[in-house]
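Here's the structure we're looking at; comments come further down.
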Amino acid sequence: MQEFTKFPTKTGRRSLSRSISQSSTDSYSSAASYTDSSDDEVSPREKQQTNSKGSSNFCVKNIKQAEFGRREIEIAEQDMSALISLRKRAQGEKPLAGAKIVGCTHITAQTAVLIETLCALGAQCRWSACNIYSTQNEVAAALAEAGVAVFAWKGESEDDFWWCIDRCVNMDGWQANMILDDGGDLTHWVYKKYPNVFKKIRGIVEESVTGVHRLYQLSKAGKLCVPAMNVNDSVTKQKFDNLYCCRESILDGLKRTTDVMFGGKQVVVCGYGEVGKGCCAALKALGAIVYITEIDPICALQACMDGFRVVKLNEVIRQVDVVITCTGNKNVVTREHLDRMKNSCIVCNMGHSNTEIDVTSLRTPELTWERVRSQVDHVIWPDGKRVVLLAEGRLLNLSCSTVPTFVLSITATTQALALIELYNAPEGRYKQDVYLLPKKMDEYVASLHLPSFDAHLTELTDDQAKYLGLNKNGPFKPNYYRY
Amino acid sequence: MQEFTKFPTKTGRRSLSRSISQSSTDSYSSAASYTDSSDDEVSPREKQQTNSKGSSNFCVKNIKQAEFGRREIEIAEQDMSALISLRKRAQGEKPLAGAKIVGCTHITAQTAVLIETLCALGAQCRWSACNIYSTQNEVAAALAEAGVAVFAWKGESEDDFWWCIDRCVNMDGWQANMILDDGGDLTHWVYKKYPNVFKKIRGIVEESVTGVHRLYQLSKAGKLCVPAMNVNDSVTKQKFDNLYCCRESILDGLKRTTDVMFGGKQVVVCGYGEVGKGCCAALKALGAIVYITEIDPICALQACMDGFRVVKLNEVIRQVDVVITCTGNKNVVTREHLDRMKNSCIVCNMGHSNTEIDVTSLRTPELTWERVRSQVDHVIWPDGKRVVLLAEGRLLNLSCSTVPTFVLSITATTQALALIELYNAPEGRYKQDVYLLPKKMDEYVASLHLPSFDAHLTELTDDQAKYLGLNKNGPFKPNYYRY
Amino acid sequence: MQEFTKFPTKTGRRSLSRSISQSSTDSYSSAASYTDSSDDEVSPREKQQTNSKGSSNFCVKNIKQAEFGRREIEIAEQDMSALISLRKRAQGEKPLAGAKIVGCTHITAQTAVLIETLCALGAQCRWSACNIYSTQNEVAAALAEAGVAVFAWKGESEDDFWWCIDRCVNMDGWQANMILDDGGDLTHWVYKKYPNVFKKIRGIVEESVTGVHRLYQLSKAGKLCVPAMNVNDSVTKQKFDNLYCCRESILDGLKRTTDVMFGGKQVVVCGYGEVGKGCCAALKALGAIVYITEIDPICALQACMDGFRVVKLNEVIRQVDVVITCTGNKNVVTREHLDRMKNSCIVCNMGHSNTEIDVTSLRTPELTWERVRSQVDHVIWPDGKRVVLLAEGRLLNLSCSTVPTFVLSITATTQALALIELYNAPEGRYKQDVYLLPKKMDEYVASLHLPSFDAHLTELTDDQAKYLGLNKNGPFKPNYYRY
Amino acid sequence: MQEFTKFPTKTGRRSLSRSISQSSTDSYSSAASYTDSSDDEVSPREKQQTNSKGSSNFCVKNIKQAEFGRREIEIAEQDMSALISLRKRAQGEKPLAGAKIVGCTHITAQTAVLIETLCALGAQCRWSACNIYSTQNEVAAALAEAGVAVFAWKGESEDDFWWCIDRCVNMDGWQANMILDDGGDLTHWVYKKYPNVFKKIRGIVEESVTGVHRLYQLSKAGKLCVPAMNVNDSVTKQKFDNLYCCRESILDGLKRTTDVMFGGKQVVVCGYGEVGKGCCAALKALGAIVYITEIDPICALQACMDGFRVVKLNEVIRQVDVVITCTGNKNVVTREHLDRMKNSCIVCNMGHSNTEIDVTSLRTPELTWERVRSQVDHVIWPDGKRVVLLAEGRLLNLSCSTVPTFVLSITATTQALALIELYNAPEGRYKQDVYLLPKKMDEYVASLHLPSFDAHLTELTDDQAKYLGLNKNGPFKPNYYRY
């Protein structure tokens, strides 16, 4: 059992993480950032910066990029209408009035919309980045210009990282009473360094697998003196982060890196969980011939019924054009498999771990690596055979494509609702434990996103509600419902 | 709360039932039975019949149909290879040796394969029918000829029904120690009439929603002195009985009744649960334009992402060519909707209840009913408009199509495994309660069906199993996994 | 070269025929006829029958069935709104006033709608059946009751067949000036027996491959003294009779005969022309895994791009669950292939010829044939292996499913328009030759069917028409356009 | 009628062109070029460059980029195995021995594989670029290094353009006998400037719509004294350039520019020809809800049967999220439509002409244009509404995505075969006219591409060939076959 009190290094923490949403915005830095972190070698900690209202209560790369960042935020707002709608509905009553939120998330246009929503609902916010690379500097500048106390830039050192977190928490005359975390580092810092603050926190909202895992450990150890909400496992987030998001991004990731034609390609997808199901649906739809490998007979039976041949990897490895791992497992594609692939075979990973493809086994002297494009390596065998390795085996959709803003909107809306719920819950509703989001709130998040599709819900009549034994406003399904 | 001790009438029980599997074989009588129940007016109870080995330990319509029934059983065996495989694997060890099973299910070629499997594994079986209409007489004859004590025929009276059940239980020198039930009538009979037998039963296996509901009531009332297994809610059964089975049968049910062309038809499907999802997938694939109505925002959001417009029924009722209900709710299609439909609109029900379409509202003097084919009525408005009502609003796929044997194989295999588990479980593993099938057995049922697809599972290496924290033989997923 | 003057026997002619539309209504007799031809052994030729208006100018099985037949016609009218629309549009101007049409087609509810449309447009019609089995007796009765001179019944002898044709042509004081034919028998009869009538015919409309072939022969031989219209090769007819119709019917034909589950089934489809494309689209959509065999590299390349593996039959014959021929070729499935199929493999033919599967090779003593259902035979090998042969290798969709009325509407509308065109064409537009339908009329047929889908065409502006060099009313595509 | 003898300006010619293949490589410059044309301001015409073998018989941007270009060519070769296979099959017999080919095409890695194939088959080649922007400088360098006389660079002036062409043709002691052209400029130059050379040309191969149009004009005018091959209208090229290529590229083009999520998006596609069919198939498969506008009732009927609602643009313009034009027409999307679109609506063009969207109408003072990314403009209405315009209305798939190498392989293989055919045809087979590629060669091109898919053709037996009246080696279909 990992000791919660040990400081994880940034590297260590990232390698533990399996959270899509945490890593997801990694990609934003590479795909959608327009600013160059190399333009200026002075550390932001050493700069004197002031926004147009005269405040210096922030630390960002370059406050002058605020206008550009504002435009990015505005573009994001257009696809986050659920959050804007929540902002409008709750703005009058200010459900977060009095809330003092410290946050630690990726800092991107999408999270900026979340932060500004929290402010609009009455909260005071202080914010740092949960990843040393993922901050969009221009967005941080726009937040700072708008008065948010943000401490983050792209390319922080590890020392910078903890310094930024500390600056959020440690402020004279201001004491946080809510935590919004992504990965658990902020929670950990408050727990260890400011135990008196920690005890008075009214609620923690955590979205990552890693962070949730750490909270459950703390809870088991009897040290969690605060109610916490696990938003990672809500239905909408899971379906969007996995099934739908992968259906959207697998084609994009492959095209941007290799310009491959999908029609007629033979593809083997390892794993037919939600991620695999999403990838297969898209690939089959575009004319690829897809094979599945599975360890779980139930998922294998689903693959059969969905029209895919279920094979062992060895059976097809010589004939396939593309290999995609979606397992969460390690060493699914071994050196032996790689040795048997045909020339030009593309290999990539859509799963959780960086070790699904045994990339280490390819770092041997007889193989030549040739970087042909960003994120694309040709690994060349002595006989001239080339295997096309994408993103060095890291997550393809996070490295080589973008995540639709709509998907992030679902997560952000869930986080906002969880904060409102914990902050306003009557004494005793939540104890010192980790909670799943109530199904009714999951349904509410979904309902806020329906107008984007111009979708119109049907309401139960009183008579029907009685017949079904349901409340007209939901929840509509038992907890174990599989969707 | 329904009083468990009150005898439900056959009619009452059926109207309560929402079990697909219970009703499923209803259709078999109409679609696949080749024998005519009207050929002979003498009650089987009054006939003297003897099989070729001289036994009279049965009561069927006509023992002479045995050969024809045997052929039907053999045809069914070809699509139930999982059960045959289980038969072969376990035949040596006879895991049911000593088991004395009383059963009450539909009596069809498929259940005959189950019964004969139980016998092959060592059990003694006595069997009656759970539905007064669904018995395939020739199959019952074949079972009787093969030595099974079967008491069932098509067209039993209610008195016959209970007489048959009683003949199964009440036999000198033979005392049942296991119950396999579908609907709970047999269980109820033993519980009320033979309490001493009931106490010594080692296990009950129940597959229907109704029967499971009654067991939970008994359990709540503290009167269930026997462990019982709920096989209705196993993953494989649910997915096959709902999603896949409806995907297979919606087209068939519509074609057989109306010869409708699917291409370009506008269809509204009410409800996007598993049944709705199955129907929509098939209809969209064949070129229909599908609209969805939903009350649950999460299912509605899934419908959006899957490419369907989510509407209120009123928005599209004037324009659609087909209306299909899949809700489990009542009065989803009202007289008002029916009044607004266009000429030739087809209306049918794939859901659970017979009241999804308010058919009663159509029994008014100004409307003319015209039976144009079996299961097809034209309801004619004064202005000449015709609405095409299928199966009088009862379940389309059970009335107008057949259920693939493969689907029934999954249920039957699950039942057989549940019997083996309960019969062989060490003292104390199961208490006097209702249990869900252990996930590992659900996975085992799935694995037995993979060879039909020539599907090959991948095995975890020791190293991978350790990494994932899983046993190499499963179970592979947490209980809450959504598949 | 077949001698046109030789009388083909009915058998001989049918075996030559590859026309979908000709054979299509074959299925109607089996699937949709409610009358029993065996109820009455007196030949219609010997009966005295009179309709309610006192006319005896017809010869049908039983005039008393007229009311039932009328209802069938009314049901058909609901799906033939294009024809009804044409009837309404042209009714005022009576474009067929003066036309005296002899027709020889299948006599079904759908052709009745065509015949009555021709009458409504001003024509006088005399009609016989093009197939000795396909007449729906009740429909013929309804036509007779309505005053059409119809000579046809189900189960004609060959002598009856020619007698009926002759009765249509040979009538005192009435001389045909137009021919509508399906198969060429009527045309042939007039050509041989009534050369003086033939010379004065203003046009022949022929819809079958066989009939068209015979017209081209006549034309080549310089003996076609009448303009003829080949409606078989119009775009809309081809696409609907092949691609769309097969997409609709392959699932239906397989389900009705075998109740097979499609999900996960391995299917090989021989031939990827329009018929094969339609079958594959439907099967893949329902979860089957489909392999293709092809002789033509272009069609093979399309199959690849559409996501199908292109194989030789031998490569997959041992593993597939279903074999479907769509080639127009002979002996595509040989005894050798049949010997290698696995147990329970289903074999059927969706192509043109009855010889695609070498059924003859299965008529050997060591194989046992067992008829298990109508149209379903088990062929049993000495080792017990069973192959499931459907419709004895004849066309599955015509033997075991129905053709949507909408498809027949397209053909019937095309025939009606071709008659109008030929009857009204100015002298000299058509010479003594076989013509394809002008593209503009093909487009008009399509446009008449759009309202069924509530589809709204966009009109070109003057400016756009000029830019594209098109007439605003079409035709919109060059003749070689592939659609 | 355009006068062939008038020199079109480069601009004029490009705006006439509707050729996908011509324009297709436009995109390569933007999406796949790694070299920077701005690094060096000296005109290549003024540089002294020599390759490693001492030759100066070329003019490129920078011969030092040869190694990088060679790698690009090698990567392209991996997806052009049909051409490599042709190279290998014909290398021994050198079917182009003695051929002196002047070529004028895009100069990219893919055309380099073509050029080097022609050389390998025995030809001598001199090459220029058909577009002043599309040359991949590093590829031109690699060709020059390999000994090809190439005269081309990215960013030529119009004067440079004609200078390069002239340098290809005008060389002492070398006289071209074959022309490979894309657009007709080279052909025109030889025709006008070197009539004596023109007369002795043995054949012209032309791939673009524009060039083919010009050849037909020349032919009509009786001035084409050379046989020419129109490879633009071959089946394989058409299907790949339109249907399949658009199915592959529409998603890519939209994602790269807007990161839009497809699931649940309402999209209207104007035009349901091959381009529209390809776009719709991909969009529907990824969960979009697609509406169609059409002028042609036959295509409209196909859209209906394929499951799309056919509407007028005005009916849906207020509700859709994306508008895609695929018509070849002009002003399909007018300012009035644009005024009515909802906020954030994406508008783009996949058709042929740059005027499908009336972009000019958006250049008015009250609208603000904001360039938010490369190829992405927000056009902002006074009320704040933004319309997202892609590629300023130019072809999306050529501006914002790449064309799969496999597609280009089909065109290149067709060109090579056409050259071989014309060069080796016996006297008299081809006259002074424009020819379509013989179907047998179209089939041969297809067959060369089948090994990429590991597809195995079936061969006709003698008996079957006789039955079908076909040659065993093809051609297999009549010329009018629609595929």
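When the chains are written out, they are named A, B, C and D in that same order, and each has its own residue count from 1.
The rule is simple: a contact is a pair of C-beta atoms (placed from the backbone, for glycine too) under 8 Å apart; a residue touches a chain by one contact, two chains touch by 3 or more.
These figures come from a predicted structure and were not determined experimentally.
Common neighbours of chain B and chain C (chains touching each): A, D. Set side by side, the interfaces A-D and A-C show unequal numbers of C-beta pairs in contact, with more at A-D. Centre to centre, using the average C-alpha position, chain A and chain C are separated by 58 Å.
Rounded to whole angstrom, the centroid-to-centroid distance between chain A and chain D, based on C-alpha atoms, equals 40 Å. Annotation for chain B: residues touching 2 or more other chains are 244, 263-264, 287, 304-305, 309, 453-454. Chain D makes touch with chain C in their complex at residues 235-236, 238-239, 244, 274, 293-305, 309-313, 315, 328-332, 442-444, 446-447, 449-450, 453-461, 463-464, 467-468, 474, 476-477, 480, 482-483. Residue ranges on chain A touching chain C, taken from their complex, read 263-264, 284, 287-289, 304-309. Only residues 32, 71, 75, 78-79, 244, 247-248, 251-252, 255-256, 259-264, 266, 282, 285-287, 319, 343-344, 370, 372, 386, 401-402, 404-407, 452-454 of chain A touch chain D when the two sit together in their complex.
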